[in-house]
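Across the two complexes that follow, chain A remains constant while its partner is chain B and subsequently chain C.
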Partner chain A sequence: MAKGLDWAKRLYENRSQRAKELREEGKKVIGYICAFPPRELITAAGLVPYRITGTLEPIAEADAYLETLMCPYVRSCLDLGIKKQYDFVDGMIWPHTCDNIQKTFDIWKHYVPHSYFHYLDVPHMPDPSSFEFFAKELDVLKGSLEEFGGVKITEECLKEAIGVHNENRALLRQLTGLRKQAPPLISATEMTQVMMAAMSIPVYESNEMLKNIIEEVSTRKDGPQNKATRLLIYGCEIDDIAFINLVEECGANVVIDDLCMGTRDYWKDVVMEGDPLKNLAHRILGEIMCPRTFRRSRGTRQQDLDNRFSYIRDFAKEFNVNGAILYIIRYCDTFEFDAPEVRDYLEEAGIRVLHLEDDYSLTSIQGYKTRIQAFLEMIE
Partner chain B sequence: MAFFAGIDVGSVTTKVVITRDSELTAYHVVPSGANYKMAAQKAMEEVLAKAGLSLKDIACIVATGYGASNADFATLKVTDISCCAKGVNHLFPSVRTVIDVGGQASKAIRVNEEGRSTNFVVSERCAAGSGRFLQIIARVLQIELGDVGPLSLQAKKPVIYTTSCAVFGESEAISRIAEGTPKEDILAGVHNAMALKIYSLISGVGLEEECAIAGGGALDVGLIKRLEEKLGVHLLVPPQPQIMAALGAALMAEERSLALAS
Partner chain C sequence: MSEQKNPEATQEVPKRTSAKKWTESARKVRGLVRDMYVRAFTEGKPVAWVMFTLVNELFVAMDVVPVYPENFAGLCATKRVGNPFIDRAEADGFSNVSCSYARIGLGYAALWKDMGEIPSFAPDGGMAKPIMMVGSSLVCDTRYKWFQTYSRYMDVPYYAFDMLGPPASTAYRPDVREQYIKYNLAQLQGLVSFMEERLGKKMDWDKLDEIVRRGEKTYVLWYDAYMLAGGAVPCPFPAEDSFNCFFPAFFMMGEVEALDFYQGLYDEIKYKVDNKMGSIPEEKYRLLWGGGLPPWHTMQIFNYVEEQGAVFVFQSTYLPLRFADVPDRITDPLERMVHSRYEAAISRAELDRKLGLFDLCNFVGLGNPLLFVDEFKVDGVVMHWLRSCRGTTIGQVYQKNLLEERTSIPTLFLESDMCDVRDYFEADWKVKLSAFLETLEARKRAGS
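Right after this comes the complex of A and B.
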């Protein structure tokens, strides 16, 4: 059995392996897309949460069902679904986070057979009434998972699941903390592999793997080299190492991210005291910093910008970065609309920004090499 | 006093420059063809012959351009964005915006007083607004690339192009030929479409005078005219616009040697 980073790397290269093994043993696997669905409820129902991702390989089947001007990430996920790559998944939870995900859910349901489907309605504004509504939505999800799993999710067992997932997030934050020093103890390429691995196995195993990795990298001698530039990467779904690896190969240490499969997923915990469903609702709707959630402007424009983006600036300061790359997947309107403001906001704070728009494919990523190099030459 | 060299292995041509004391000693341009490694080798040998030098006289070589990695004799690699900024700044120290129309892509670069790039935008992974578009249209119209500019200047009624995409642009040119539109009007239309594309690139970095144009595209007087109209500024054109990145690379080689020596 591989340990530590090697364990993560192997899982990254064969993501579904463990989930398939567990299914052989009689476990049920629940796929979910995006950072919003509450893994805690899936775990509490005795099911295995599994993050659905795409691939940078060319899309073959999905173009017959989706317009090519839709999010290439979602198209790629559907492509894998139609190609039966997610056969080992028993059920699916899709949230209404963006329109692409919402609309594709129905198409997925129609063309890819699973025995369980749940659509999670997530309000767009973090207002008091939204939290109330969303907590009820989570209660509906709880009921449906209980039915599918044939179990009763007691408050006690939900709290226990929340505790284990909080531990998972705490471990990921601890590992991220090891990137503050120069050189960082773990590269962003490795971190992406770890993240992908962590979302492919039951949370208990994930915690064990993360502890293992923290122990390994804390004392490692073969960590990343010190580079002249420290970077932050901002964007949405990066589920492949290709882009981040390219940036690191160009001569930078990528030391922090604001990504859906990065800090956005694990930076905030669920409060333990009080009603667990309300607390889950608060974390998901209130604390996942995704532009799909509309944070109503209050006060001055500067206050509005601070309200939406100051956490990115704080990341940049805390991790001592000299530049940021905004890596936006083409047709992701949610992120594209915010990108110019994020760019100006960071530049104002003295952080140089490179904005790249990508169509989520391997060939386009290689084409960014010169731009990344020129950006590094500019800020070195 | 030592000599320095910069080699820019571009998608269409390979350019090499030798400098001494920050002054141009010799330069040479060869087609890159389908073997960049051979082109780089050939360009280097021929420029050395021109200058009456041998490789050991060159203290440091910087390679740049799309195929920079093929110049394996170079000491280091720097991107053509930084090199182009450097080269143009050497000739025109007051220039703050550089347009580079290359064979593969067009770029808008902001340059500071030290000749460093402070911001840049590159045309997205396609030939829109690049020199390749001109090559394609020249082939469709069966004229020499060198005649594209002068012919375009004679246009009476430039056609309106709806695209700056090289592939759609080609079919659009063919449609106009079928309608009997004169070549010069088609060419002026192409230049307008390219100017619009480059204008939108420049909007990304902000146009600050003075503005210079480099790259092979700057040899095209038709494109320059349309760009000046669109941008509303006078464009400074270096005497050999296509060697600006190679010149910048040679100057960087010099700077690097000086830095190492001190």
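Right after this comes the complex of A and C.
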């Protein structure tokens, strides 16, 4: 069996392999889209959480079911579903996170049948009433997973699952920490493979894999070369190495990200003390820094911007970057609205920014080479 | 969809972009629109910029003049003056696929700031400066995100609130209903507190009660008028009129004028239905506008199909909500508001669900064509893909598929945008519409 980074790479190349094996052993797999659904509840129900992703290959069949004028990432996920590539997924949790996901709910349900399908409503506001509502939604989800899994999720086993997932996040943060030095000990391309692998296997195995990788990476001699520029990548869903690899090949070390399948997913833990559902609600709604969740500010514009974006600037400082790329998927409205604000905010903090709006396809990504090179030359 | 924008679109401004109005009521709307903008400047009352969110009653009760930037954007598009605003917003980095209402609204504020005065080409004198802004997550993400960005150009306190609805399949469960109503109520209470703080005065609950109850009556008249018209042969109230006449329901709800307007509309439609007064001389094909906002920049296109004997007898985009009778035991006006909206949205979702269609709760937008094609004797359905609106575009292909599975009624997709005229290719639309009518003709001849 492969170890460390090799383990991750193999899983990245054949993501569904482990889930399919587990299914043959009688386990049930629960798919989920986006960073918002609580994996902890899936784990606590004895089910296997599996992050649904897309592919940069051309979309073939989804066009007969979805408009082309919408998030190409969601269209690609549906394309895979229609092509029966998610047949091994027994059930699906569909969150109300953005318009593109929410409005595909009925369509997925109609055309990609799973034996279990659960709609998870997620408030957009960050008020006490929103947290209360969302904790209730999580409670409803808990009940429905219990029914599907034929188990009772006790408070004790939920807390245990939360603990294991916190450990998972802590390991990912530890690994991310190894990107601070120059050169970083792990490349962003490798990191993407690790994330993708980690989200396709049970959390216990994921933790083992991450420990293995940390051990390997900490002492490696074959790590990334030192490049002239250190970059941060901001955006939504990057589930393929193509773009990041291109940036690294153009001559940069991508050392930190703010992405849905990156730090946004694992930067904050669930508090252990107290009501686990409330704590889960708090992490998801309060701590996942996604523009789809409104952040209230009664202060000045500057206070509002700090409230929403200072963590990105802090990342940039902590990881000593000199430039940032905003990778925005076209039609992703909440990111599209924030992007000019993030660009200006970072530029004001002295960080140069390249703002790209992409179609989430291999062909479009390959076309960025010259722009990325020009950007790197400018900031070197 | 072509990635190419139409380069000529902003240069060739036709003499008339708006459609002919077939009803007295529709002819009154332009004046009401103008009043909204003018009042904001002249009445000396506080002004709020608001996203349409089914809460206009609160502004009426607090004596605030609400101005709706999404309406302003549509108005700019009709006058073909939207694109300079769009260009300005895009120059700041806003995407050319972000909601064009938002691009116009943001570009307006940006140009105002650049020039130090309201751009002279802003229709109806433009939008007066607000003392607060209110958005919501109802319908789409743009509706709470867009206003967050206004602070680039004008620092005005902004409040956004949730109004959520469960899938129809669980909506009738008492625990689910309670959970949603409780939340939506708390969110509205938050909004009232924000308004009280901004205005430095308390809500007058008795006044609100009166306004909310007037609103309930208005909603019923609105719904009844639209449904009565949809089923009538010949059609007295084509979609282009109906696209006009939702204005008071969206932007004046709670006001006496809105109630009067829908009473007038109902009476007018009733009279025309009773007397079999259609709009076009010979109604060869009855069409349904089955999804997507209209092309505000070229409403005249509706007359183009009418010249060929086709009429859009209904539009299911701005589908009225029928407010079920709110029980008398609910005396708190805010609670009445929340209840009526929840029940109305859910009863509509329930209709969809019974047909095995959408389970998703839709407060507005995407009324399913399947609900209307038989009842309104529809020959063909036309839907509009909008390059910059996910809110009313996603789901159209699904609706078309369902129509194909269950009926033999053909569907046509048109593509452009509600405001950005660069996404509109008129020759292409005309060819498609004419070909579609030929298909309908061939089907008629074949006796299907």
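The rule is simple: the second predicted complex is superposed on the first by the 380 of 380 C-alpha atoms of A that agree within 3 Å, B and C clash if a C-alpha of one lies under 4 Å from a C-alpha of the other, contacts with A are read in each partner's own complex, and residues count from 1 in each chain.
One rule holds in what follows: contacts are C-beta pairs under 8 Å (C-beta built on N, C-alpha and C of every residue); 3 or more make two chains touch, one makes a residue touch a chain.
Quick caveat: nothing in here was measured; it's all calculated off a predicted structure.
Peer 1: Applying the touch criterion given at the start, work out whether A:Trp108 contacts chain B, chain C, both or neither, answering first, second, both or neither.
Peer 2: neither
Peer 1: Tell me the contact category for A:Ser130 with respect to chain B and chain C: first, second, both or neither.
Peer 2: After superposing on A, A:Ser130 lies in contact with chain C but is clear of chain B.
Peer 1: Now for A:Ala374: first (chain B), second (chain C), both, or neither, which partner does it touch?
Peer 2: first
Peer 1: Touching A:Glu357, do we find chain B (first), chain C (second), both, or neither?
Peer 2: In the superposition, A:Glu357 touches chain B and chain C alike.
Peer 1: Between chain B (first) and chain C (second), which, if any, makes contact with A:Phe315: first, second, both or neither?
Peer 2: It touches nothing on chain B or chain C.
Peer 1: Spot which of chain B and chain C makes contact with more residues of chain A, would you?
Peer 2: The partner making contact with more of chain A's residues is C.
Peer 1: Where on chain A do the contacts from chain B and from chain C line up?
Peer 2: In chain A, positions 357 sit in both the chain B and chain C interfaces.
Peer 1: What residues of chain B sit close enough to touch chain A in their complex?
Peer 2: For this pair, the touching residues of chain B are 66, 78-82, 116-120, 122, 124-125.
Peer 1: Flag every residue of chain C that touches chain A in the complex, lowest number first.
Peer 2: Those residues of chain C that touch chain A are 1, 92-95, 97-99, 102, 137, 140-142, 144-146, 148-149, 151-152, 155, 157, 160-162, 164, 166-167, 176, 179, 182-183, 186-187, 190, 357-360, 385-387, 390-391, 393-398, 401, 415.
Peer 1: Considering only the defined contacts, which chain A positions touch chain B in the complex?
Peer 2: 357, 364, 367, 370-371, 373-374, 377-378
Peer 1: Tell me, which parts of chain A touch chain C in their complex?
Peer 2: Against chain C, chain A makes touches at 64-71, 96, 98-100, 102-107, 109-110, 119, 121, 123-125, 127, 129-130, 132-133, 136-137, 140, 291-292, 294, 298, 300-301, 304, 328, 330-331, 333-334, 336-341, 343, 355, 357.
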